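Just below sit the structures, each encoded as structure tokens.
Consider the two complexes below, in which chain A is the common component and chain B and chain C are the respective partners.
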Partner chain A sequence: MSVEKFTRQFLQADEEGRLETQDGSLASESGVEGLESRVCCGCSCLCDDISYQMRQGQVVRSLNLCQVGRKRLQDASAARQGADSGLTEGLLEDSLDKAAQILRTHGPVLFVGAEFLDEEAQQASVRLAKALGGIWVPWAFEAVRRFHQVACKMGWAAALLDDVRDHAEVVIFWRCDPLVTHHRHLSRYSFFARGRFTERGHHDRTLAAVGEKGCRIERLCKQFLDVPPDQDRALAESLRRGRAQEGFAHRDFDGIRKACEQGVYIAIFVDPEAVDPGTLETIFLWAAETNQAGGSRRVVILPLYRTGPNLEGFCQVSTAACGAPWGADFSEAAGRSIQRDWQELAAQGGCVFLLYPAGREESRPLPATIAGKPSIVLDPFSPSRADLLDVTIQVELGGLGAEGVFFRADGVPLRASGLPGLPRFGLKSAAEVLESLFTRIL
Partner chain B sequence: MKRARSIYEIYEHLPKTNCGQCGTHCMGFAGYLLARDVRPADCPGLSDPAFAESRRVLEEMLGSGVKNERTGLIVYDDRCIGCGICVSVCPVHSVDHREVAVGKGPRFGDGAVIEIVDGRVRLARPERCNRAIPSAPPCKACADFCPTDAMELV
Partner chain C sequence: MGKPVGPEGEKILVHAAAAYDPSQGWKGEVRDLFVARGRLSEPFPDPDRTIDAEGRPVLAGGIEPHGLFACPGLAFLEGCSGSEGRGDIGEGYARMGYVHVHQPLATLVTAGLVRHRLKGLSYVDASYSVALDLRDLGGLVRAGRGPEIGRVARELVRVTGGLGIFLACPFLKHRQRHYIQKNLTTKKVLAALSDLGDEGLYPVRILGYPGLLDELAERPGKFHVCGLGRVLETHDGLEKCAAFLDRGGRADLGLAVGEEEFVISCLPEPAAGPLSVDMGLPFPVSFSFRRICPGESIFENVLSLLCRAEPDWRLSLSVSGLTGGLGKGRPELLARFLCELHRTRGGDRPGCWDAEGLYALARLTRLEPARSLGLEDMGHLRVGARACLVVYDLRPDIREDRLAEALAECWCLVKDGVVIREEGTFTDGRVPCRVVSPPGRMDGVELRGTDLFENATLRMENLGVAGIGE
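Right, the complex of A and B next:
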């Protein structure tokens, strides 16, 4: 019987999550093993309800993975076929030697992309950056810096995603579309999920968005404000004051104004990269005034960054290393926060260490200022390669082959425990590779 | 290409000769097309090269999904992003699966009506869908809230 035919039958799980059919016999014959409550590290949703069916060390079926997570799984599985060649260990040693050589001779080193790594690998990359006197930044450098600077200036208005699910009556997505970047966000946390005080889920909530016409979330919104970006601040000011400011008008403004007046708990998800600092400050001011006024009304603001499943973890590690969450400059003995912009940083690097491959949907293309510089890439999706000036080191994909701690956007830690039974083919985790490099260089 | 929402949108692209070779007249055939009981290829008039463009437009409007006879649900795999909104809004899940109601996806063997399998929605147990129960009020929650038009009820 083929696996496909078998999995189409009605399967019942026993208390330990093992699969068996109604006659109890086919599961053992087919050798299919079920794994439940796994964490997907495709985006900062960090969905922890993923189930897999595995057979002979391969994933044959997944449940609750969105297209982002599914593509990640497919690409990593395809790359593993290349690793299953028996040459991985020799290639890995060669790649590590060449990488160490590049790092020693082409300073300063620009480390980019640690937001895709688990906590242990992030710590290892910081240690390496410190030892080499390098610069350690996330792809979302500008977004993180902007959000944190405004929040520190105006006052934080944070909340857990579970809190949003339990309480939010008005949900606003400002210049972000979770149906593009975080597919399951609406169903898991923000709008459709039923909460303790919003027991009817979306029936008890109003969904609004500010963005460009034609985006995916538009058709689900009760109010959709397709204002041009230069009117964002006027809109924020109008919502803060409860009336349209002079020069601002939109047909849906009255609807969102009334919803915000009547709503006791308003959750605003914002893409800090797409919203100018002035607008962000106005939104935070609105939150501060509402939250400090007393009473039960509350406005919370959470970032919805476009890249990195573990950007929150990056922020925590960076803050411990240099006092700021948007990256560290170790060119002097003590790490300090970075005050320059991303392009200037990239131009001053002697070589670049990509902690996650560039150019994928969830990461970024390389800035032009880095093109041509020697590079080292930790890549779960491509086989290892070692040229004179460019090295690719294939690593285990976090949350699939390698386990580690990731932090959700609201700071909740989750352990991605990987898939036992998945053969490693000699691949190492990102943390192991970084530690090996640390040992080689020092 | 926009999905066909009404019988008139489909009728516009038919030959309108009422030749009867399909067993009915053109307006009747348009109704059967909308209900996915027939395909454009079943109309002899559309095989004429003069109607090649009309046939292409109809194929696009109607999509390539297969209808589940019990529920009338058609899933367009190429449009599904695996967002799980359909799983979350299904009224059967809100009653029978508390975890699904609070946002978590079902597990294998939970008996969910709709599941997200390998990144795409799948009608796992049509017999449990409200639409398969003749006495239940008609339900369109999954298709109504699908943000990408990956689900259609006919």
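Right, the complex of A and C next:
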């Protein structure tokens, strides 16, 4: 639906008094405001074609929001309305004091989840972590580390999503499912999208996936390889060599092999967390050999992490701050990169500072080793969780109530400008809260 | 403490400085320089602050025309290098006496990223050139409709906030066989770009590669070769460079000596480096490193070319590196150049540099970069110029082994009338750092619906971050 059509339908519905708000209640008051070309920060696709219709500080209709974005919007809107009655300046100050007390006395602090924040908040969080000698990592730090280490070792052929859309004739999703994590990835960048040299969109492409039987993307794929994870490496090796390796067989292998041989441009999206390092190395080797062969064929590899929308921003902030993209342990020596796993890391933490609520969207449940330790959470969604954690500080959601810079999966930055006209209810942005804590502690 | 830049600013007298300014023929004559309202001014009484240079040399602030640290994928390379974080690049440049950095490479899609990163630099101003995508201009090039290309390029520059245009590769060769009729030869591209009908777009920057100078032989003045150093592998290359510059060609070296040199290539060749990125150009941009050591032919050729530089050569001395060549490479190259020039001219002074050398250095690192970027009020010490000047602690009898150190840590740096460094250390003076863009609207309305913007995944208003459209 075009923006024009959307607006026309909206106005017609408005005139007829059958307009519904996001929470389902009828709204027929005047004061409609249209907002076009907004950025959704629900995942790292950072769709910038979202339109909203607002009335009296509430979003009453949206265009192009996917399921993830819509849920995020609804939850944050509901929480904001909750804040209307509950949040006072005094309460916020009390929470900040209490949080500062915990941070001061329970080191080292484990900071988790900055990949959900905008760039400014990420910088504020790493500054705070440095000052406190804490551990600063994203939920997916093991995946980032794995991908980065293999890419450094093997050499990396990367691409902007624009180039994938323009060129990719074969698209392979390797143990990642954009229909679960990045709903509009296929339509905006990788499969349905029409590009410069893929003018017929998905008719010019072969879509293949490696994953578990029954995953959502299966029905779209021309070739679907439901191989067990322990055969991933054999599959990668077979693709690299152009023939099935001994002990490996799959009915769709010939199809994907042929597509790869005929395709000039192959884009592989991989979730490094779901793939073992050996497989990842083989995929990189395949890409390197193809790209160095001197022909016109090119294979590019792009990570598709199952985590927050601004992981790329996190990696950039982290690299600038400490030389590694997966965060740092400032408790040992300045900028030392982390080589341990989640459980060890969590066990080391004296308290945990969740920069985004655990267990929500693509954040993970906390490791068992952190259980029982003091915890603080910046939560744009659920003020009612205060009883479950030591300190919950409700904040504005980046890209909705607060403005901020987010980086798309390929590193292109976008400013999510927030929706004007939303009442603030005394809510602060994550960056403001982190700065306040920094001031309190130092 | 430095005052912030304002309508009044601080009135500064730089007293008894040996001034080097090729634009006025100053070769170390001891002068007083006056700064008021952020600009070099006519003499005035009662300055707020006097900096006594005591005969030390003063030059205009340095300008780097080949900085490369805001491309997609560079964070990955930094992570691979295993360093403890790159630190503050702007501070590194300021330490060496530089006030402006230009990145030649940005594309329509990456301009927002480049601008965002450059805005984060401290102390130095920045600018960038935006790459023309020949895939969007094929029809115009084949038809030789240069002025139409010029109009598109002008609008592209406006939309992205670039300071000029850049050509990553002067020919086009499609991957897919069925697009073969859309390929473009270098000759056709250069012919079309020589007739843009908009003098403000010249020089068009082209990334250097062996063989480019032959192609540019007919029309050297319209183009600026970024990274001439790559042609200097052989003696033949050296002669070609000299001939190109003799004919009025413009170029910067884009080469670091003595440290990991950072090489980018946009040619359709096998990508062998640690990173290659498709970033909206016909071919992937590949990044690799190599180490050039004294004694290698390329090193000797670089020095030889610099020492042969004629006053009318449009050559700039630039350094490419992951962090802008902020290690030892740049000052060591400059120091070797000064020493070599002194020796070549049969210098008999006890020190290792002379006024001719510093005069040549001022031209290569100040005046020529400013001219090639169109920064008219920078790169020289004329009255009315922006008050960006640097004093180095170069005594006439300084030993050769201390020369690089003196060039690496300037003694005093004034930028836009604010004293940033004094007596070899940073002051608490702060000056706003700008990303320099051409004046005019940057909303690209005129280009909506053209080929240029049909192929971006972002909407026009989101192509830039915090700056475009301001």
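Convention: the second predicted complex is superposed on the first by the 403 of 442 C-alpha atoms of A that agree within 3 Å, B and C clash if a C-alpha of one lies under 4 Å from a C-alpha of the other, contacts with A are read in each partner's own complex, and residues count from 1 in each chain.
To be clear about the criterion, a contact is a pair of C-beta atoms (placed from the backbone, for glycine too) under 8 Å apart; a residue touches a chain by one contact, two chains touch by 3 or more.
Remember, predicted model here, so these are calculated numbers, not experimental data.
Quick one: classify A:Arg165 as touching chain B (first), chain C (second), both or neither.
both
Does the superposition put A:Ser62 against chain B (first), chain C (second), both, or neither?
A:Ser62 contacts chain B only, not chain C.
Kindly classify A:Asp49 by the partners it touches after superposition: chain B alone (first), chain C alone (second), both, or neither?
Once the two structures are laid over each other on A, A:Asp49 reaches both partners.
Taking the superposition as given, does A:His148 touch the first partner, chain B, the second, chain C, both, or neither?
Only chain C is touched by A:His148; chain B is not.
Looking at A:Phe269 after the superposition, I want to know if it touches chain B, chain C, both of them or none. Which is it: first, second, both, neither?
Neither partner.
Would you sort A:Ala157 into first (chain B), second (chain C), both or neither based on which partner it touches?
It touches chain C, and chain B stays clear.
Going by the contact rule stated at the top, is it chain B or chain C that touches a larger number of residues on chain A?
It is C that touches the greater number of chain A residues.
Could you look at A:Phe192 and tell me whether it touches chain B, chain C, both or neither (first, second, both, neither)?
first
Would you check which partner chain A:Arg216 touches, where first means chain B only, second means chain C only, and both and neither mean what they say?
After superposition on chain A, A:Arg216 lies in contact with chain B alone.
Quick check for you: in the superposed arrangement, does A:His183 touch first (chain B), second (chain C), both or neither?
In the superposition, A:His183 contacts chain B only.
From the superposed pair, tell me which chain A residues show up as contacts to chain B and also as contacts to chain C.
49, 165, 188-189, 193, 195
Under the definition above, what is the set of chain C residues touching chain A in their complex?
72-73, 75-76, 78-86, 109-110, 112-113, 116, 135, 174-176, 179, 268-280, 284, 455-459, 461-462, 465-466
Sort out for me which residues of chain A touch chain B in the complex.
Residue list for chain A touching chain B: 10-13, 17, 19, 34, 36, 47, 49-51, 53, 61-71, 165, 179, 183-184, 186-189, 192-195, 201-202, 216-217, 219-220.
Tell me, which parts of chain A touch chain C in their complex?
Those residues of chain A that touch chain C are 37, 39, 48-49, 148, 151-152, 155-167, 188-189, 193, 195-197, 264-265, 291-294, 296-298, 300, 315-316, 319-325, 334-335, 405, 410-415.
Could you pull out which chain B residues touch chain A in their complex?
Result: residues 80-85, 87-89, 94, 99, 101-110, 115-120, 125, 145, 147-148 of chain B touch chain A.
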